[in-house]
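Per-chain residue numbering starts at 1, and chain names A, B, C and D are given in the order in which the chains are listed.
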């Protein structure tokens, strides 16, 4: 199974690059999607089938939390793939361009899968760096001046950050000299034997390094640029999948602290940066000009909430898992819809967009509803996760933190909702009030994503609940 | 022997701090790759032949020859001669470099005391390399310099990993190398694009995206 | 029991006697002979016999208001107790109904004034409603103070238990009487708040509101205004009549106090000019101030501090 | 319980499937579903209300929602009745009112859809017993009403008001989330019943949480200083929605407060006193602002704030009664409050519907531009008069009864031998009188200026009001108002079972006493009515044989006059407003040429909300300035970004080395 998810997309991607035919592009894209879905389902149902050589099996495995992240990524991947059909059509891509796009997407997905599945710290590092490299070309896909700038900042800042993370990994290997292994399982098992000083020092480096990828303040600065300049489906992947996988990397390290019973240190780091992210987001949510940047800042915000949830320990993990799922899906939906808006209005400026509901009611409502989902209005699951985080605040005895938490969230809600409503309502500019309908691929992924969110928010299916519970129990 | 080599490695940094011709940086980089190769040959003994071969490939071939050659061709093609005036002037940079050196040696002594099984000099110099490269990244404005400094950073990290002498699995090593290689390759691609699209090729031109 | 209804009937016919009394006092003070005390009755009868001129601007409100006005004054009268005899109708919280009944008539009179579309009547209405905000508040403070003093919540039982003849209570009595006296002046639109005899509409309050009325409706309004004065004066009299008297003496005292009040009004009208409109609210606000002081005395001295001998306290 | 849930589902279906029908059919579809729902909802809720007891249905949802029960007790059933009929009336009224928009080719799909959602969520709010599900439907209620408020979203100010509303609701719900999170965390369950044990052990923490709940629910209800959304949201919404929001939706906040009091049990006196004081201030602030408004709907919105304050005073007195262990006072307070909830629903909806008809015909809400409508819209005008009289709390109408009960509660509190409650009671007593007097001012102003006198501007259109769907809801409400006003014991007898929830069973005796007093009162009020009739008949017979002339208003010597010289609402209220200019700050702009005999001059006055001006706006400005201090973070310079990371790394390292 792991062979399949790691190698099949790469092979398909390479073949598309070679064949450069439209039909084959689609086969390789949707082939990979179907493969990923099937694998996810197979693992859910405890179906095991490995054809990997033994020594490679050691490096990759589907554990509970990995499976959860993999499933979330698969959902985002699938919806992005469907949306890509619209993207191809709207941008009149040639088969060659399509093949490049698809190959890059597939490589990117494999890199993220690698991050999620790897069992070795350094290997995880390798794949995180690989995600930067594979996604860089995607961000630059539209070959505009601004996207070049964004890509350069993204690649360079992330590379430097990841390099620092590698310093951290080396320092960890100093601290765990007696274990002499960087396999997570070994680290967890002997967590108490790791020199706490070196562990903390290394965590500082790894936190900064992986934090850069996650887009947590104060090392978030590349994120609004890259997410806003990438093609919309790619933004969705970046926000909905990439941030998560980097987060998983950090969580796996955090687990060492939990196992070593010294999580106070890492928790306070998580809490601090979480709040810092909320502050940064609220600063810029009140000064919005560009709606894709707004979504990017919202990603920072949600990563902040996740960090806060993580910092609350056991009480927060369940909430974190729900939040992560909900954020990925609703943010993907938002980014995909922003693609529609960009296609309709040819501008990323908020002030250039008015009367979306008159122009294209479907896009308008998707835009509004997805926004409502991300700011945490019920019955969308972000509401649940926020509630659970608040409860965790009370239970952990830091109830006073609720005040800044809510204050910042409300500022963010205000910023986002006022921008979204200004865009959606009113009369369209320059009087283009004829009702436009885009093709089905421009709407269906978002609708499916929102429906999934609704199902989870209202009455979570037992399988999903088990999945989330298992993922959360990773931290016990 | 290895001590001399490693001091030599440190002095390359001083050279880079003082120099202002970009080609000089590349030469220093090639020198660093070669010194790393020599270090491995001299110092490291008890590892498997495949890993040894791999390290040689990494240091001598890639870090010492291919990447410098590649960068040099880019520089010549784009006719970049000198570094533009940095934020902190050359004179103070050298001063700061010496401070970094001092810090590096303090770290070396300290690491010798901690009994953590680190090679002190390796550790100190690697820290010097890392901090110096970060300082250069912040201080210098040319994009090509940033690429070069990233290479120095990578060299520093390589040295740091040598100081620990923990053997990584071959798969990881291959991955790290691949990442490095592809990374530099991408950097150069984007550097060329920036050369095409922007008039100046220093980092101040890339400040369009802000809030 | 019969006695109560006889007295109430007397009160019902008395209002114009009291207005006549005021006029007489003013005339004598000015050195004139003046019109007979019963002159207002003659005016009333004359008005009743006349037809009406009604503005075309108006709606049905204009025509129903006077009837409601007179009805509510009479109904309010029925809630006012007589010493030892009690009121015609009484229940717990009747003074609230009393105040709101008067407010009901005020509501419709204001609407009637606005109904004519005349800006003069608008002025009057606007002033009337402004002053009533102060008066009503103060009236409730007064009633609240009395309720606090007696632990009762209806007119009859409050006055039946109100024993104020010593110490602080005299002070309370003076304060409340002054407040209620101001209320009489406001309700009757008398100097120094309003001047029923002036001919300059801009300075008037109540009188300007009824500019457009004539004939029967005007008669109703004049009657109910006079009656309202009597009603509030009856409250004052109730406060002043001591509890230890016998029924006949207390009733005579009651009547005497009423006459005295109206003579004082006449004297005031002779002695001072009406206030500038901008000073009227301050003047009415004395009512609130006095009643609040009275409340404070009751609450702090009688309730919390000084023990007071007497039943029901 | 099934019947209620079927009703809820019918509302939901009605809302959803109306989307798929043509513009003209939507209203019929929604209306018929809403009407059928009544048959399911009303019998059962009346049954519970009259006979007591409760009915419950339980659904097991998966984590984190858990078991969710729907419970209908007398308190809930009262609200269910109000919500259900309120929604039906709104649906009936909207049928004709919303034609205004279909002429402009604005689709009504969203209107009926969100109306359905709003009705459903309100109904669920009062029956749901699971904290998390409660929060979900609570937020749904906010969001669906938000979409209704911004129905006319092509106007920028409507959108602005809508956003203000949405954010205010988020602030309010933040307190609720915090409160419910704590309670459910400490009780270990999400069911309301389990909260009782947590909240009733009256330590300082549970008191704090109760304060959270009161603030959260108070925001929805419109207590100061969180009332500022009301005067923005209500004018922005289409009239049917304003009526539904003002008459029904804000009452869900009151429901929440009552529910919390039920769960609280051991009432803390500080909380009771603060709640009472806030309510009193709310009533005064609300009505003082109403007195200064020219916008009809804004005035009504502020008057809602006032009435919420009065309801709050009733509840506060009830709480104080419990604190001082005096069941008579508690009963009077709660009874007054609950009756006022019903009353406010009836007359405020009536007034909004009346205002809507005015707007429909004149296209303005500014009462200074109206005048003389009584002649053009006789039915509307009479019904509006009934509403105005009732809302001013005058006898013969329902408002008087509930205010009387609250007055009585306050008066009774004067007999408790405790200085602090005496002082609060007299403040409430006179404050309520003050409120009543200003209400009288406000509503004589509205009715007198808008409906009486001459038209101030030329009306463009032909007036039409003879529309069954516009008038029937108003007539229905007016009938309830009059019945409650004349025969209060009928309405009050419905409420006995609710009071049993709040007070011990042995207080039945007191309830009977109140009933008896109300019966006496009813008799007296009938006497008063007959007095009025009697004098009107006298007048009628006196004038029958006399000459009655109709002529123009006495004009005091001026022959030529324009109808614009009539008193306006601003001039009418000015003497009063000048007395309270500190509480209701006035902006008066006089535009006059600075010459000796200016040809043209104009004066414009408007008022500001005290809390918005001195509390909310300065703080928002401060917050914004503070956040703007950090705007340099995203400078666009890559090296700066890297420095952030390095400084952060350094910070952590120092931290590690420092904190060993």
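The rule we apply is simple: contacts are C-beta pairs under 8 Å (C-beta built on N, C-alpha and C of every residue); 3 or more make two chains touch, one makes a residue touch a chain.
Keep in mind that what you see is a predicted model, and the values were worked out from it rather than measured.
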| item | value |
| --- | --- |
| Most contacted chain pair (by C-beta pair count) | C-D |
| Centroid distance [mean C-alpha coordinates] between chain D and chain B, Å | 70 |
| Approximate Å spacing (C-alpha centroids) for the pair chain C, chain D | 36 |
| Inter-centroid spacing, chain C versus chain A (mean Cα positions, whole Å) | 77 |
| Chain centre separation (chain A, chain D; CA means) in Å | 43 |
| Residue list for chain D, restricted to those that touch at least two other chains | 631, 634, 638, 642 |
| Numbers and ranges of chain A residues touching at least 2 other chains | 152-153, 156, 160, 224, 284, 287 |
| Multi-partner residues of chain C (each touching 2 or more other chains) | none |
| Chains that touch, pairwise | A-B, A-D, B-D, C-D |
| Sites on chain C touched by chain D in the complex | 48, 50-61, 63-64, 66-68, 70-72, 74-75, 78, 89, 91-93, 96-97, 99-101, 103-104, 106-107, 110-111, 113-123, 125-127, 129-130, 132-141, 143-145, 147-148, 151, 153, 201, 211-212, 215-217, 220, 281, 295, 299-300, 303-304 |
| Residue ranges of chain B touching chain D (in the complex, touch as defined) | 134, 137-138, 203-204, 206-211 |
| Interfacial residue positions of chain B with respect to chain A in the complex | 116-118, 130, 134, 137, 143, 146, 150, 153-154, 157, 160-161, 164, 166, 168-169, 171-172, 175-176, 178-179, 182-183, 186-187, 190, 193-194, 197-198, 206, 208-209, 211 |
| Residues of chain A defined as touching chain B within the complex | 56, 59, 120, 122-123, 125-127, 129-130, 132-133, 136-137, 140, 145-146, 148-153, 155-156, 159-160, 163, 166-167, 170, 173-175, 177, 180, 182, 195, 198, 224-225, 228-229, 284, 287, 289, 293 |
| Chain D residues within the chain A interface of the complex | 61-65, 132, 135-137, 139-140, 143, 150, 153-154, 156, 159, 162-163, 166-167, 170-171, 174, 177-178, 180-182, 184-186, 623-624, 627-628, 630-631, 633-634, 638, 640-642, 644-645, 647-649, 652-653, 656 |
